[in-house]
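Here you go, one structure.
The first chain written gets the first letter, and so on, giving A, B, C, D and E; residue counts start at 1 in each chain.
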Amino acid sequence: MRQLWLRHQSWLTPALLLFLPVLLFGTVIVASAVQSVWFGFFDWDGTGPKTWVGLGNYRELFGDPQFLVSLKNNVIWLVLFLLAPVIGLALALFLNQNLPEIRVVKAVFFIPLVLAHVIIGVVFAWFYDPTFGLLAMAARAIGVTPVAILSNEHLVTFGIIVAALWAQVAFCLVLFLAGLSQIDHELVAAGRLDGATGWRLFRFIVLPQLKSVTFVSAIITVIMSLRNFDMISVMTQGGPYGRSTVLAYQMYDATIFSYRAGYGAAIATVLFAIMSIYIGWFLVHTLREERRRR
Amino acid sequence: MASVSISNVQKSFGEVEILKGVSIDIADGEFVTLVGPSGCGKSTLLRMLAGLEKISGGTMAIDGQVVNDLPPKDRDIAMVFQSYALYPHMTVRENMAFSLRMRDASAEETRAKVDRAAEILGLGSLLDRFPKQLSGGQRQRVAMGRAIVRNPKVFLFDEPLSNLDAKLRVAMRGEIKELHQRLRTTTVYVTHDQIEAMTMASKVVVMREGRVEQVGPPLALYDRPGNMFVAGFIGSPSMNFIPGKVSGGEFLADCGLRLPLPGAPADAQRAVYGIRPEHCRLDPAGFEMNVVVVEPSGSETQIVLRQGGQDLVCLVHDRVDAQPGQAVRVLPDRAKAHLFDPETGVALTF
Amino acid sequence: MYPAPIADASPSRRLAYRVALYVSMLLWMAPLIAIFMTAARPQDDLLAGNYWGWPSKIAFADNFRQVFATSPMAGFFVNSVVVTVATVAGVLVLSTLAAVALAKYEFRGRTLLFAMFIAGNFLPYQILMIPVRELAVGLGLYNTVWALVVFHTAFQTGFATLFLRNFIAGLPEELFEAARIEGASELRILRVIVVPLIRPALAGLAVLVFTFVWNDYFWALALVQSDAAKPLTLGLAGLKGEWLTAWNLISAGALMAALPPVLLFFFMQKHFVAGLTAGAVRG
Amino acid sequence: QQALVINTDRSGTGQKAAFNKIVADFEAQNPGVKVTVNYSDVESYKTSIRNFLVTSPPDIAFWFTGARMRAFTKRNLFEDLSGFLKENKLTDTMKPFIPAVTDGGKQYMMPTNMTTWGFYYNKQVFDKAGVKVPTTWTELMTAAGKLKASGIVPFTIGTRDLWANSLWFDYLNLRTNGLDFHMQLMDGKVKYTDPRVKKVFELWADPVKKGYFLENASSYGWQEGIPFLSQGKAAMYLLGPYVRTSLPAEMHANIGFFPFPALDPKMPNYEELSVNGVGIPKGAKNKDLAKKFLKFFAEKDNNMLFAKGGAVLPSRIDVAITDDPYAAEQFAHAKGAKGSSQFYDRDTDPDMAQAGMRGFQEFLQQPDRVDAILERLESTRERIFK
Amino acid sequence: MASVSISNVQKSFGEVEILKGVSIDIADGEFVTLVGPSGCGKSTLLRMLAGLEKISGGTMAIDGQVVNDLPPKDRDIAMVFQSYALYPHMTVRENMAFSLRMRDASAEETRAKVDRAAEILGLGSLLDRFPKQLSGGQRQRVAMGRAIVRNPKVFLFDEPLSNLDAKLRVAMRGEIKELHQRLRTTTVYVTHDQIEAMTMASKVVVMREGRVEQVGPPLALYDRPGNMFVAGFIGSPSMNFIPGKVSGGEFLADCGLRLPLPGAPADAQRAVYGIRPEHCRLDPAGFEMNVVVVEPSGSETQIVLRQGGQDLVCLVHDRVDAQPGQAVRVLPDRAKAHLFDPETGVALTF
C-alpha cells in the first residue's frame, strides 16, 4: 500500500486534489455547454418532447432578419466596447498621481465595477428618458430637441453601450492602474534622459510595458461585450422592435418568450463559436506566457 | 565633456532629509567614484544630477551653468542604471538609437553613430537582438553603448556592474576604464565595490548618511583615511580597530597588548589603534595571540587571532601552518598604523 | 510614475488638476447620485414629474420601510446572504485544491485541464441555462437556494482556479521543497504553507466572487421561483409590483442590494484590486 | 399537519393583502393546515411556471386562461377540474368564463376574476379642452385632434413591455372584422397579409400618423405611461384597471373610463375580457386539500374580496360589488359584451404573440413600414402554424 | 552524521543529459564544497541528494543505505537554500520548530531544541519576529537554525551566502565554518565563490558540464590543478595561460617570450604555460613587457602587461609606479609554473 502510494504519488496527489473541482466544473459547466450545443439540433419548446431537425435551426437562423440585426449589433458592441480599454487607460494615467485623497478618488471610480448590471441599466434608462431624463433636460436647456435614444432604432444600441461602458471602463481602469504601478521606473527615467517627453515617452516607453495588461483587458472586454445581456434586458428588452438585440439576448428571448429552446440553443452555439475565437486567442496567449515563464 | 560642480546640495523626501549639504567638484574629464553604505544617498545624488529628482537646496552646475531647473533631456547627460534599463521591446540597435531618434537626428547620422558605438563596444553582431536574448555582460555593454552614442557632457553610472558575476565584473571594469581613457568624458560612478572604487577613479567620494565623509585619490584614502568610518570602509578585509591608550611611546590596548606606534603622540591619550590585516605579519618579534580561524585561499591566508577578547585579522601572503587554538606571534607594521579619536572617530596626526 | 508627479508641478497646475479630478469624479458618479436622490423621493414627487429636482421631502426611511412592508425583502436578503456566503466558501476550498494541483504538480493533461478552466470561465453563460436547469431538477435542487449555490460554485470555480493558480505559481518552489524535506506531507503543505500564504489572494477572490454572485439576476431567474429561495436581485424585480410605478422604492431596494458589495469593496479595496489584477495579469 | 403550497403572480399590494386574508381564514378554519404562498412578479412568473409545473409542482398555481392555459393542458400539466366545478355548481355561477378554461370539453382551471379593458381618461383635461367622452371612432379622432391642438397628448402608452400596445390591434380588429375573424387570426388560420388585417392597420395608421400617441412610446414601460395621464400631460390611456390601482386613491375621482368606441354600427359589441384562473397542477401532492381550498376560495365573499383587492371583476355572476361605482361600471361594461376575446398574447401562440407585438411596436413608431411588418408576421405565422 | 556515497549518478531532464555520471565519496563529518560554472549541475546534484529530483541512473547512499527511492522526509537531511526559503507567515520560532512539528515532537522537546539552536546562532532575541522583519544575515542564520534543530545526518547548502553583501558574506562564512567545527555534521556546500570554496572545505569538488573535473583538498587544487579548466577556475584573478612550446629547457611562447620552467619536459613539445598572477613579480632579471593597465587597490596592485599580443596579469603586493605604455621587466616564479597539454588541457607532469 505504502509502496503503491510512493510509486504513484506524483500523479495521485494532483488527481485527489482535482477530483472534486473537476467533477463539479465538468458536469455543471462543460457538460452543460456540450449539451446546449446538442439541443441546437432539435425543435424543442423547453419542456416537451424534442424533435430532431438537424441543421434546421441553423438554416432558419441564417435567414432570420432578427439574427442579422443581432449579429450587426454584436459587431457594434465589440468595436465600441474596445473604447473601454482606451478610456480606462486615459483615466488611469489621469488618476495615477500621488495625492493624499487619491485612494478615495480611485475607489469612487471603481464603484461601477461592483454594481449589478441590472441596477446600472435601470439608472441609465432614467437618464435617457426622453421626457424627464437628465439628458433630455440638458438638451432642452440648450435649446435642442431631445432625442429618445432608447426609442431610436439607430441610436438605441449606442445608448446601451454607453451604460455598459461605464462599468467596463472601471474594470479596465483597475487593470491599467495596476499595470502602471508595475512600470519600471528606471526605464522611464532612462527614457527621460534619452530626451523622450510627453506623448513620445508614453508611446515608446510606457505603452510597451503595458502590453500584457492591454491585451488582457482588451480580450476580457471583447468577451464581456459578447456576453452582455442584463443591460439590454433591463433597458429595452431588445426594443424598439428588436433593434437592440444581440445574440445573447435573442437567444434568451427565443427561449423564454417564444418558447423555442432548440432555436435558442442554436443561437447560443453561434455566439459560442464567435467567442471561441477570443477564448482561444486568450488561451494561446496565456499558455505561451506560461511556457515563457517556466 | 564638462566640469560638474555640486555645492551644498540638499534633498528631502517629505520630512526625511536624505542629503544634508553635499559639495563635490569634478573637473572636466575626471572619473569620480561615489561610495558609501547602502541608503546613504548615492543614487539620489546621481538622480538629482540627471534631473530625475528635484533639488531641495543648493546648486548643481554643469560646465558652469546651473542646471537646477533644467529638465533631464536638456542636461546632455547619459546614465547607466544598475538594472541597465534597456527597453525590452526594442532591439539593441533601436535601444542605442533611441536618444538620437528623440532628438530627430537623421537616419544616416543615427546609423553612423550607432555603428561606431557598437564597434567600440564589440556589439556589431548583436545589433538585431532583443535585450532578453543577451547575456548579462552584453546587456551591460548595450547600456553603455546607449550612453556613448549621444556623446554627452557627463556619464553617470549607478552600480553598473553589481548584477554581474565576479569574473565578468572584473572584465567589464577594465572595459569601462579603457572607455574612459579613450573618450575622456567626465564620469560619476556609484558603486559599493571596494575594488571598483579604488581602481577606476582618479577621485573617490566617500559618503555616509547624506554627507561627504572624505574626498580624495584612492590611495590617499587608503593610506590616510580621515576618520574611522573611511578607514573601516575602504579596504578589505576591514581595518582592525583596537581600543586603548597611548602610554610611553607605545599603544597600550585594553586587552593588554602593547602595540608599536609610528610617531610620538601625547601620553595617556585614549585612542583607537587601527591596523589593516595586510599590515600585520607573523614574526617571532611580535606579541603572542591565539589562532581562532585559519583560512588559506591559495595565494594568501587570512588568520583570525584572539587575545583578551580582542580579535585581530591578519592577511599573509604565505601558507601558514597554524592550527586553531595554537599560539602565534604577530607584529603590526608600525609605519602603517593609524590612531583615531575614540569619540569623534577623527584620525589623529602625530 | 508616469506621467510626471503632480507633486512636482507648480501650485496653479496642482490646483487645476485637483479641480479636474473632482469634476470628473462628480460626473462619473452622477448615476449613483441619481439613485440616491430617487431613493429619497416620496412617491408623489414621481407622479408629479419631479424626477430630478430636489425631493419635496426626504422620504428615505419611509421608502425603506415600505420596501420591507410590501415585499419579503428581509427573506430575500437572507437568501442572498446564504447563496453568496455558501458559494464563496465552496469556491475558495475547491479552487484552492485545483489551483495547487495545476500550479505545483507536473502531470499529463495539466495544460488541458487548465485550458478547460480558462475556457469555461469565459463561456457565454446564457448557453448553459437549459441544461443547468435540467441538472438542478435531476438533483432535486430546483427552486432551492442550493441550486444557485451549486451552479455559482461550479462556474466561479473556473475563474477562481485561474486566478489562484497564477498566484500559487508565484510562490517560490523552495518553500514547498523545504517543507517536503522537513517532513511535511503534501496535504499538510497545502494546509500549513499554501493556505496561509495565499490568504491575501483568497481575500481578494472572496470579494470578487461575492460581487459576482450577489449581483446575479439571470441564474436566479432560471433556477429559483419561490419566495423562499429568491435572492435579492430577483426580489427587486418583484418590487416593480404588478401595478406600481414606484421608482423610489426600486431605488431604495437597489441601494439595499448595492450596499453589501460596495461596503465590502470599500473595506477590502486593496485585496479587491490586487485580486482583480492577479486574476487578469500576473503581477 | 398538512401543507398546501400555492404559487401565484398576483403580487400587487391590494390583491396580495386580500389573498393573505383568505389564506389566513382558511388556515383558521382548518386547524393543522399550513399554507405557503409563493408570490412572484408577473414577468418572471411567466418563465418560472413552465419550470415548476414540470419539475416541482405546487398544489395550486395561478395562471392565465385561454391559449396560455391550453399550452399547458396540451401537455397534460393541469388536473381536470370538470368534476370539481360541477359538484360545486361553479359551472353555473361562473358560466361566462367557463369557455376560457375549457380545453377539449374539459375544464382545467377555476376562474378567479376578470379584467376589463378600455379607455381611462383625465376628466379635468377633457373639461379644459372641451372634449366629451367619445362613443364612436370618429368622435374619438375628433376629440384627439382637439386635444392635440391644445398641446395635450391624446393617447399615452408605454410599449417597452410590448403587450399594452396590442389592445389597440385587438380592439380595432374586433370592431372592424368581428370576433370570429379575430379568433381565426389568433389560431393562425388567416394570413396577416389578408386585406382585412391591412384594413385594421389603415385605421390605426390615422391617429399614429397624426401624432396622437405619446412620442417615443417604446422608451416607456406600460406603467411609465400612467403619470402622463395623471399629470394631465396626456388625456387617455387604453389599458386595464391598473391605471387606477397605480395611482393614489385621491386621484381616482379624476380618472374616468369609457369603452373602446364603436366603428361599424353593424358590428356587435365585442369586448376584450381577460379571465384569470387558478388550477391544480397534475403533479400536486395534496390534491384533495387543494380542492378544498379552491372551494373555499370560490365562496362569494372570498371571490369578491379578491376581486376588490385587484380592482378587477369577480368571476361569479351572483355577486355584485355595490359599494364601488367604478366596479359597477366595469361590470356593466363586461355584461354588455356580445362576445369576447381575452388578449392578444393569451389568445395566440406565444411565439406568434412575441413576433406580433414586436410588429405592433414598430408600427406605432414607423407606420410607413406596415407592409414589411405584415410580411414578416405572415412568414412567422406560416412557420408556427404549418 | 553519516557518510555519503554518490556513484555514477546520472540525470536527464527529458532529452537533455545534465549529469553524466558523477561519483563522489564523502566521509562522515566531512565538509565538501561543490564548485563549477553556472549550469554545470551543482544544484541538481544537491537536489537529488535531498530527494527533490528523481535519480535517472546510478546510486546515492547515505550511511551505506541506498536512498534512490526514499522520499525527502525519510532521508534525514537538512537543506539551506540560496533564497533561504523561510516560511514568511511563521515567526522565527515557528520556522525553526516546523520540522519537529511535522514529526509530532512534544512541545517541551521542540522548545528545548529550538532554544538551543537559537542560542548557538545568537537568535534568542529574534524568535518572535517574522522573516520579513529580519536583515539578510539574520535570515540566513534562521535558515541554518532550521537546519540544525533537527540534528540531521547531512547538511546541504546551495549557495547560502550569495544573497549577502561582501562584508556579511565574510562574517557568515566564518559562522558556518565554526558551526561545522562544533557539530561535525557531514556537509555538502554548493558555491560559486572561490574564497568560500577554498577556505571552508576539507575537500573541493570541481564540476563542469555534468562531470567531476577534480576532487581534492583546496590547496591541492590550487597548487596542482589537474587540468586547465580547474587551473583557470580556481584562483582569482585567473591563471595566465600562454601557448607555446618547450625548447631547450625553456618555454618558448608564441609571442616570443622565453619563460623559465620548473623541470625538464621533453623538447619541442607544444604546451600551454600556466602561471598565476600572484606568482609573477617585477624583477630586473625578468623579460620586458609593456604596461597596459595599472590597478592599485591599496594593499596590492594588479598590472596588465602585454607583449606580442599576449596579455599577462600580474598581482604584486607593493605599490607600483608604472604608467600605461611604459615597459617593465617581469619574472614568473619558476617553481610555481604549470604546463598543460594544449589539446586535452590535462596538466603535464615533468
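Here, contacts are C-beta pairs under 8 Å (C-beta built on N, C-alpha and C of every residue); 3 or more make two chains touch, one makes a residue touch a chain.
Everything numeric here is computed off the predicted structure, so don't read it as measured data.
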**Study point:** Given subunit C and subunit D, the chains that contact each of them
**Key:** A
Practice item. Using the touch rule from the top, point out the two chains with the most contacting C-beta pairs. Key: A-C
Point to revise | Approximate Å spacing (C-alpha centroids) for the pair subunit B, subunit E | key: 27
Check your understanding: Hey, how far is the Cα centre of subunit A from the one of subunit E, in Å?
Key -> 56
Review point. Can you give the whole-Å distance between the Cα centres of subunit A and subunit C?
Key: 15
**Study point:** Sites on subunit D at which at least two other chains make contact
**Key:** 47, 51, 54
Check your understanding: Do you know which subunit A residues sit against two or more other chains?
Key -> 9, 46, 129, 205
Practice item. Please give the residue numbers of subunit D that touch subunit A in the complex, ascending. Key: 46-47, 50-51, 53-54, 71, 75, 159-162, 215-220, 228, 350-351, 354-355, 358-359, 361-362, 365, 376, 383
Check your understanding: Quick one: in the complex, what on subunit C touches subunit E?
Key -> 172, 174-175, 177-185, 188, 193, 196-197, 199
Point to revise | Residue numbers on subunit E that touch subunit B, as the complex places them | key: 38, 165-167, 170, 174, 177-178, 181, 192-195, 198-199, 218-219, 222-223, 234-238, 276, 278, 293, 295-300, 302, 304, 315, 317, 319, 324
Study note, to complete from the structure: subunit C partner, complex, touching residues on subunit A are 9-11, 13-15, 17-18, 20-22, 24-33, 35-37, 39, 46, 93-99, 103, 105, 107-111, 113-120, 122-124, 126-127, 129, 132-134, 137, 166, 171, 174-175, 177-180, 182-183, 185, 188, 201-202, 205-206, 212-213, 216-217, 220, 223, 226-227, 229-230, 248, 251-252, 255, 261, 264-265, 268-269, 271-272, 275, 278-279, 282-283, 286-287, 289, 293
Check your understanding: Touching subunit D in the complex: which residues of subunit C?
Key -> 43-44, 46-49, 70, 72, 133, 137, 142-143, 221-222, 224-228, 234, 237-238, 240-245
